[in-house]
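What follows is subunit A paired twice: with subunit B in the first complex and subunit C in the second.
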Partner chain A sequence: MFVRTTLLVLRKDFAIERRSLEIFVTTLFFAVACVLVFSFGLVKEGRAPTDVAAAILWIAIAFAGTLALGRTFERERYGETIRALLAAPAPRPALYVGKLLGVVFLLAVAEAILVPLIGVLFAAPFFAKPLAFVALLAAGTIGFATVGTLFAAMLMRTRSRDVLLPILLYPITIPVIICGVRGTAALLATPADEPMAIMWLGILVAMDTVFMTIALWTFETLMID
Partner chain B sequence: MTASVDFDSVQILDVSRHFGRRRALSRISLTARAGEIVGLLGPNGAGKSTLLSILATLTTPSTGEVRYGDRRPRDLGASLRTCIGLLAHELFLYPELSARQNLAFFADLYGIDAGAAVPAALDRAGLGTRADDAVSEFSRGMRQRLALERALLHRPRLVLLDEPFTGLDDEAVHLVSARLRQLAADGAIVMVATHDLELAEGLATRVAFVRDGRLIADEPATPGLRARYRRAVGSA
Partner chain C sequence: MRKAFAPLALITAVLFATAVLLIAQAPYESTMGLVQKIFYFHVPSWIGMYAAIFTCGAASVLVLANGSAVADRFAVAGAELAVLFGASGLVTGPLWARKAWGVWWTWEVRLVTALLLWLVFVAYLIVRRYGGPGSEKLAAAVALFGTAVAPFVYVSVNFWRTMHPLTTVVPTLPRTMGVPMAVSALAFLMLFYLLLMLRVGLAERQATLDELYLALED
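Our next item is the complex of A and B:
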């Protein structure tokens, strides 16, 4: 029942996104614009400064993710469909996981475009250690989206949600972003420092576990008035 | 979660609900039984929607409790919600999706056979020929009919409707009223929050007057409802 509900919510969100492309286009446009602005500012005479690619990647993910989170729940606020989901006999935490997977998938698509773009513009060898890099990216994205999805759901009915979401989200997710940046920078170093990257990955996985446990535990209580 | 749930009455026992310092409901007690259509009547802000939200398990009472049959919501868990159908003031529909996709999604969410239930619901809503159009293209009346069918898709025992006649033309009002009478005759407990006293008089078997979060009167829906409402609530 849990998995079925999760997949139903995910499938529904994909069906809506396929019709509107609203979140995908805005998120991607924002993320690419963010990277291009950094490249115009930092790349001089065709030479990129060293060690900035990791930070730019994670800043673009965080900003694009914040935008996607707000829009994802705006969709459930319009028509109060979130109340219809909560009124269904499905496990309420499964609704959260469905929304979370939608955000993670969207960010994964954005990352699939951002990584090669940043790689080319900043001459960053992201795939020198592909497994470790993909694991870092996945763990960081899940950590950011786990907290963000919970906060976006919580703030859905508050009037100043667009302002409050980053204010609440960033203080909690900055450790995730720092781990992502440090781990990615370790992989981009010459030579790549894989043990250091794996240490940061371990911290990210631990944070993901804590965030996910808290989110699943509190979601229903937070969503019921 | 898998426990079978059914009940033939809903008891609201001394229920109060506060939002911060604002009192939305104050010590409401009311019982509705299978076969009844209870009209919840009161001015804006009286607490009708909050009461429906509590009955739908979407809001928890600050004090007091609701019993479904003789059981409390926490004893029944999520399976209680298979027996509740809610149509709120907002329509609970995804405007980007078609009527068919909306109904199929909720049918799947309630674990019922969408293949059989959805075409029947579309027919009842009079939307058979517009089934694959996006809901955003529908008029308010069409959306209202679709939202009602969404709420009734799983044949709930407890039917909670907040202003179900909004945007409906006379013919649709007649059809929806007939539908609700049939549901009650089949054993559903129907609770309708409305401002429309004429419709309530023709439809409800009992009426509860609510004002400032308090239950002012609970009586049979006999003729002369408007005068009694005016005396109890203050204006009509």
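Our next item is the complex of A and C:
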């Protein structure tokens, strides 16, 4: 039941998104714009400093992710479909996980384009240690989306939700972003510092677990009314 | 509470006065000299903030679990005091760092995470203020995340090699410094308790007033 509901929510979001591509296109465009803004700020005499690629990647993910999170639930609110979704005789956490997977999937696709782009523009060898890098990216994205999905869902009914989402999201998720940046920077160093990256990955996984536990519990209680 | 307030306020005042005298009497630390004495206010500020955070966190769990209005008043009061004591810690820290490290601020794990923790509770207050109806539960979730992060901030200095002194410093102080520290910490905790009760009492009166207004309109 749980898995079935999760997959149904995911399939529903995926079907809407595949037809309109609205969130994907806007998110990706915004992320690329972010990368360009940072490159203008950081490039000196035609060359970017060697160690900024990790930071730019994660900032782009965080900014674009906020946009995607807001839009995902705005769509539900606009169509008044969230009421139907919540009225469905399905476990609430399953709805949450479905929404979460949708956001993670969307961000993963955006990252698949962002990473090579930043890699080329900033001459960053992201795939020197592909396994550790992908694990870092996945753990960081999940941590960010876990908190983001919860808050975006809860903010749906509040006034000024567009302003409040980043205000709530960033203080809590910056530790996740810091771990992601530090871990990625360790991998980009020459020679790559894999033990260091693994340590940051460990912290990320620990944070993901804590955030996920709190999110699953609070989503259940918060979405009752 | 209203009866106990005056004596408690008096005890707190006496504690603060004693703390100041004891701090003045305490020996100078050998390398940092006079500036080390900021520490007697810096550490108790964070102790006060942690007390406030855990009050807010525990109350928020109750708010989420059964929507208790009483717990909600404690949660708001806790969050406000967390911001207040945190601000004191964030001001005293750089004052000390300027002398001890030569810079006001450095981007290392303890400082950054402590600032973030403080921002989480500022965010809590922003949500309460601008979130409109129903924002108590939303804010409670924010507080829960903040409370979950708080222990990590405390132990972070032991995991990363940072410039910030370790958590082992306070328990291993020599008695000449430990006693002023303990009295100061107690004074801050008493102040926290007093302010908490005042703020909760204020929230109670606001609630009563709101009820009376509603009754008048009916």
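Keep in mind that, in the parts below, the second predicted complex is superposed on the first by the 220 of 225 C-alpha atoms of A that agree within 3 Å, B and C clash if a C-alpha of one lies under 4 Å from a C-alpha of the other, contacts with A are read in each partner's own complex, and residues count from 1 in each chain.
What we mean here is this: a contact is a pair of C-beta atoms (placed from the backbone, for glycine too) under 8 Å apart; a residue touches a chain by one contact, two chains touch by 3 or more.
Everything quoted here is computed from the prediction, not taken from an experiment.
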item	value
Touching partner for A:86 - first (subunit B), second (subunit C), both, neither	first
Partner chain in contact with A:118 - subunit B first, subunit C second, else both or neither	neither
Contacts of A:19 with subunit B and subunit C, given as first, second, both or neither	first
Partner chain(s) touched by A:136 [first = subunit B, second = subunit C, both, neither]	neither
First, second, both or neither for A:62, with subunit B first and subunit C second	neither
Which of subunit B and subunit C A:8 touches, first, second, both or neither	first
Contact residues common to both interfaces of subunit A (with subunit B and with subunit C)	none
Parts of subunit B lying in touch with subunit A, wherever the complex brings them together	1, 19, 53, 56-60, 78-82, 84, 86, 88, 90-97, 101, 105-106, 108-111, 134, 150
Interfacial residue positions of subunit C with respect to subunit A in the complex	64-65, 112-113, 116-117, 119-120, 122-123, 126-127, 130-132, 134-135, 137-138, 140-142, 144-146, 148-149, 152
Contact set on subunit A toward subunit C in their complex	147, 150-151, 154-155, 157-160, 163-164, 167-168, 171-172, 174-175, 178, 210-211, 214, 217-218, 221-222
Sites on subunit A touched by subunit B in the complex	1, 4-5, 8, 12, 15-16, 19-20, 75, 78-81, 83-92, 224-225
